[in-house]
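Letters A, B, C, D, E and F name the chains as they come in the text, with residue numbers starting at 1 for each one.
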Amino acid sequence: MFRHSKWISSGLLLSLSSTLSAQDAEPVGNALASSSDAFFILIGAVLILSMHAGFAFLEVGSVRQKNQVNALNKIICEWGFSTLIYLFVGYPLARGLNLFGSVAEVGGVNGIEYMRFFLFLGFAACIPAIISGGVAERAKFWTNSLAGIIFVGLVYPLIEGFTWGQYSDGIATADGWLAQTFGAPFHDFAGSAIVHGTGGWLALPAIILLGKRIKRYESNSIKVSSIPFLALGSWILIVGWFGFNVMSAGALEDIQGLVAMNSLLAMVGGTIAAMLFSKNDAGFVHNGALAGLVAVCAGSDLYHPLGSLAVGAIAGALFVFMFEIETEKWKIDDVLGVWPLHGLCGLWGGIAAGIFGQESLGGSGGVSFMSQLVISCGIAVVAALAGFIVYGALKAAFGIRLDEQQERIGSDLSIHHIQSNPEDAL
Amino acid sequence: MKMVVAVIQPEKLDEVKQALFDIKIQRMTVSRVRGCGQQGGFEESYRGQVHKVNLLDKVRIEIAINDEFVDDALKAIISSAKSGAIGDGKIFVWPLEKCIRIRTEEDGPEAIG
Amino acid sequence: MKMVVAVIQPEKLDEVKQALFDIKIQRMTVSRVRGCGQQGGFEESYRGQVHKVNLLDKVRIEIAINDEFVDDALKAIISSAKSGAIGDGKIFVWPLEKCIRIRTEEDGPEAIG
Amino acid sequence: MKMVVAVIQPEKLDEVKQALFDIKIQRMTVSRVRGCGQQGGFEESYRGQVHKVNLLDKVRIEIAINDEFVDDALKAIISSAKSGAIGDGKIFVWPLEKCIRIRTEEDGPEAIG
Amino acid sequence: MFRHSKWISSGLLLSLSSTLSAQDAEPVGNALASSSDAFFILIGAVLILSMHAGFAFLEVGSVRQKNQVNALNKIICEWGFSTLIYLFVGYPLARGLNLFGSVAEVGGVNGIEYMRFFLFLGFAACIPAIISGGVAERAKFWTNSLAGIIFVGLVYPLIEGFTWGQYSDGIATADGWLAQTFGAPFHDFAGSAIVHGTGGWLALPAIILLGKRIKRYESNSIKVSSIPFLALGSWILIVGWFGFNVMSAGALEDIQGLVAMNSLLAMVGGTIAAMLFSKNDAGFVHNGALAGLVAVCAGSDLYHPLGSLAVGAIAGALFVFMFEIETEKWKIDDVLGVWPLHGLCGLWGGIAAGIFGQESLGGSGGVSFMSQLVISCGIAVVAALAGFIVYGALKAAFGIRLDEQQERIGSDLSIHHIQSNPEDAL
Amino acid sequence: MFRHSKWISSGLLLSLSSTLSAQDAEPVGNALASSSDAFFILIGAVLILSMHAGFAFLEVGSVRQKNQVNALNKIICEWGFSTLIYLFVGYPLARGLNLFGSVAEVGGVNGIEYMRFFLFLGFAACIPAIISGGVAERAKFWTNSLAGIIFVGLVYPLIEGFTWGQYSDGIATADGWLAQTFGAPFHDFAGSAIVHGTGGWLALPAIILLGKRIKRYESNSIKVSSIPFLALGSWILIVGWFGFNVMSAGALEDIQGLVAMNSLLAMVGGTIAAMLFSKNDAGFVHNGALAGLVAVCAGSDLYHPLGSLAVGAIAGALFVFMFEIETEKWKIDDVLGVWPLHGLCGLWGGIAAGIFGQESLGGSGGVSFMSQLVISCGIAVVAALAGFIVYGALKAAFGIRLDEQQERIGSDLSIHHIQSNPEDAL
């Protein structure tokens, strides 16, 4: 994603427009090229924005009715918080850019810098949206929002900075220490490890620290509210994902049909594997598609399509088995399964780029298994630690969980003073 | 006056209603309920978590009725609701002390119809 | 024969059902209702408009039962439904005159089970 | 003790509840039901297929009550639920043998309130 | 929006293709530029089309269940009526263009004239969709449709014609009387005042003339049916809005990242302000985002991003407070709150362009506070009058309200002979 | 659609990139042109992908609640099966292309071949999605999936091959036998006959062989579950359809505003006709829009906009009347009405191109009524036969229908072991 680390690490806003205008001397083509880039990135950003509606409805369908409104308000409010903190803190930290200069300065040709921010924000804002599904039905609104703000303002931008952003020289460049040690830099095209991995591994300690929902492991006690809303969320995510992956190219001329093809096949692999391993369970099938898409992000520009099919299928199976182990065996009450979905499949995606990205497996090569393994695991560890520290501190300071009575009556009524279908109440 | 309550299979509702209409019993109050009985139940599973569901959809019909019509009503319900399969349901009858039509404040047997 | 109707907290349904199954009472009809009682209620607000909601979710269990089992049934319901908090609910009992199994047209005490 | 069951128009629920509260009757169990009566019904059509709907939305209120309050309760319900139009609903009363408060295991008249 | 008033006011269809081909002499680039423009406008038009699904679901969720079907049928049918009347009457009136010539004549290069019509229609069709939410649950289908047809055929096109279209010389050009009087022409980039203002102020008299719903102001009597559907509608609108605003540029080379950025920040400002002022009320939060978006349209090409944040936040707060005043204090039964949302926030947006668009507040300048104030208020007054006259006449002639019995059983059954969940009826 | 039958029938993968690079010698413009094409096709593919969510929700709303989950799982799983079989069998068969070569070979400039596959797959995968709505509530999951696999692997690709693909010389070229016999080749721009016709006529024998649902023709017995979900599905389809039709151009420079305009007017014509002929019935109105869109596909690049309005209106009326005749008179239990919607309106669309496409009716000409009639009917006959043979054989071999008990408790519980709103069960 945006492998032009030159301009990314330039850090000087004023130099941006010159960098851009230096690309090409021919004026007409240049104007069209730059506006086309802006358009291309915009569509990516809008598709990723729409994914947040997908996160919301996936959660609406997967929780009990008494927590649907909270799912909706949480996602849209956290989008707002993320926008502000990422604009003011996270983006400058990750990319060394700030957008507070005058419009004439920053805007440049077609204001492409603004479009880029919008796109990158879409990724950053996935972090709290991912966590949201794990801590659902019992987390306090405000402490959870605060955690999200810290993650989007500091934790994710640091991970982003060291892999995609201004500090990425060591890890992402062909002559950085990582490449010199293992033969190739770290490659995560659209964020399997960087975005999903971070989100999923941040969520895990949050889920453990929160503890299981009341009566979660008594028989017949907790059932999801709505498969149609769950599926709606899943479909919105699937469709938006083609923006998440394809527009990660960052410039129209770098668009790659292969990325779309690989996303498609990973989604299909994930769906079908999840269906086969779950006896056609609606919850698994619709999330299997997402598992495939999470896993394919990192190497979607490298794999042979059949490699993607395998990566996706493995992710689908991984999700099914690990969700059951996590929630049934280890009794970690991860409501939507965000750790196996984003954490594990993200980690798998990061590693998979080092396997199926190899030329011997039909990939385009230029990746190192060890680089992928080390950095993907590193991200997981850093995120898990950060999650533990932030949620641990918040728990100690304010408490992170609704009190028992609030949880019983549901977060809709206790936080938002309304039920999801108000007219149904007599 | 009696209160007759029948718990039947949902798909039989239309036939039972028709059978009652045919003998001019046209007042009733109906609700969706869930029943547990010999019929057993089924297992539901969501992402590997299995739930036993032994409460099945039923429809509950409540009919207040004058004593002389009770037998006909029971016959009509039985014949129309019966499929012969387990789960057909039950009819309960108990005595009613009072029945008032709110609109007219009529009380007793005339209020029922 | 008696009709036993218990209004309980929704989250206790599974335990009550189990307690009844344990003493071999396996026939019942269940519905979602809303109850108003000492438990009070809550305020709902939508865009500044406040609604008082004093009807809370409850579950209503209706069990037709032969006289000799009534006491056991009551005990089972009470012990499983009781949390000690306001809102635990009530049990009502009244005499039943007739109980018919639609499938077999059996009448009386044998029809209940 | 009596069981009073009123089937009313849904939009009257708030007024009926208020009228009962006014005479200090604050315990009740309420459910959505569908009623069939003189009020007739309507036709629904979906893509040319016509369905007769003769079950209309009603609300059913169930109140267990001590004998001395029954008349007041009936009056309160009637006066608040009555609009004078067909479909206002009915009230049914039958004797109750037992009423138990689950929380305290109290039995009889004190348990009702 | 489409500030090339030259071709807009040319009025001669045959001259269009020559105008277009005159842009650029280099053939290859030109073909690509013109097809890219068509693509760009298409995406805008499709996003705006999708917003109508958003309007529909926002209403579905905000009314009682017995009026959901009517909300859905109303929106899709009014889209149809609007298309026809705008094609035959409104568009020729507003832009001096008609599209009935032969395909070869009108189509020109890539048929961009057709795409433009589709885009402009999307704006025009918002008028009845906006009104719909205010008159919900009690308006007659046919008289309300008729009013919509009059608005889309005459009232909106006249407002459009004088601000964006063929009569806009006085108001929108640098040498028109307005610019000569107040120093700058009227500026409404994507229609805060022209589209939303018009819709909202047309709705106000309709709502007053209709009167409140039966039992509206008795306690506990009217509750909304579904927060999830309300939120779904809101999300569809939010996502589509990026087409509404960004594609208002009208040509790909004029795409401005700033517009997307400003839309984003206004949406966030509106969401967060609405959340804070409403104690996290789901209805307000999801509409707060829309309030910000309504307000930012006019100056989204001018503001500094922080200016947009302020414009959006003010709109969010305005919506919360004015909705309560309108509906609770003045007892005007505006079901979805379309007057505060579109009318007031649209008016505010028009005026805000004259404030936050100033260079002193970081904007790009070239706007006049007085021009903005005068024309924005002028639009509101004209629309309110037109709404009063049209609905007043329809009320006198045919009646505009369902009879009591129809309203009681709901517009779904009385107009469409079906309930929204037919299977639920026993 | 993709009228460059030259490269389509080239069959040599290695020649593709040279074909592409031969288009234009100027390097900058060429890079931008090819990436823009990839972007353009991607958006089309993504919009068509989203239509599958539309198919799913249209079915969710139109069946009883006990069959909602199955509708959702069926659509997403069949998308998966279709992807695999079309990749491995159907696409090579239809287009003479396979995508298994190395990424460097196939990918070429911007990997446009992958994008094309994604787009064409979207069309192919409509076949089982169309059938799904007809056989709903009683078909076995696996035999129905198998039938879909056969159709997407063999039947549709053959029809595609002879009309759009590698065997299309006789039918689709200006000097083929068809053109020589009737004066013009067969023209089906976006697949009225080829996609929708095939799907609808494949479905008809399936529906007949399955038989009617239990109690279907008893009074008051079967009612649809949810008008809002039905409408949601319809809106998703409507919006996605602009990708289906416009991106059928296949290359950005061939984008035609006329196609969008005609799609719009046909949708409006279908909506309004369905409304008028059905007394504002929600099911008919929302499907009327789709009927118009099905019918307009074939000639959307030819018609005068008013011609499209007529084509759409006729389709809307056709759908209303023929659905009633099919289901009420002939007692063919076509749950969503896929035969009248896709089969008949698709057939009508194929023929209509030969009527309203004529210059005398304002069209661009170059079409022959007889060519349209013969091939459209031919497709219908072939599809009906294929449907009969495949479903007949499956019925004989395995049975295609759920057993009575399974149907009674619903396909959700019997196949997927879950209800659509699990929490609602006590």
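FYI, contacts are C-beta pairs under 8 Å (C-beta built on N, C-alpha and C of every residue); 3 or more make two chains touch, one makes a residue touch a chain.
Predicted model, so just to flag it, every value in this text is computed and none were measured.
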Touching both subunit D and subunit F, which chains are there?
A, B, C, E
Could you tell me which pair, A-D or D-E, is linked by more C-beta pairs in contact?
D-E
How many angstrom lie between the CA centroids of subunit B and subunit E, rounded to a whole number?
52
What whole-number Å value describes the gap between the mean CA coordinates of subunit B and subunit C?
17
If you average the Cα atoms of subunit B and of subunit F to get two centres, how far apart are those centres in Å?
47
Give the residues of subunit D that touch two or more other chains, as numbers and ranges in rising order.
30-32, 34, 44-46, 51, 53, 55, 94-95
Could you say which residues in subunit F touch two or more other chains, in rising order?
29, 32, 36, 43, 219-220, 223-224, 232, 279, 281-283, 417-419, 422, 425-426
May I ask you to sort the chain touch graph into line, ring, star, complete or other?
complete
Provide the residue numbers of subunit B that touch subunit C in the complex, in ascending order.
2, 6-8, 31-38, 54-55, 58, 60, 74, 77-78, 81-95
In the complex, subunit A touches subunit F at residues 24, 26, 29, 32-33, 36, 40, 43, 47, 64-65, 223-228, 231-232, 234-236, 238-239, 242-243, 246, 252-261, 264-265, 267-268, 271-272, 275, 279-283, 285-286, 289, 303-306, 309, 362-364
Once bound in the complex, which stretches of subunit C touch subunit A?
11, 14, 34, 42-46, 51, 53, 55
Mind pulling up the subunit E residues that touch subunit F in the complex?
28-29, 31-32, 35-36, 38-39, 42-43, 45-46, 49-50, 52-53, 56-57, 60, 68-69, 72-73, 76-77, 79-81, 83-84, 87, 99-100, 102-104, 107, 110-118, 121, 141, 229, 232, 415-423, 425
Quick check on the complex: what are the subunit C residues that touch subunit F?
13, 30, 32, 59
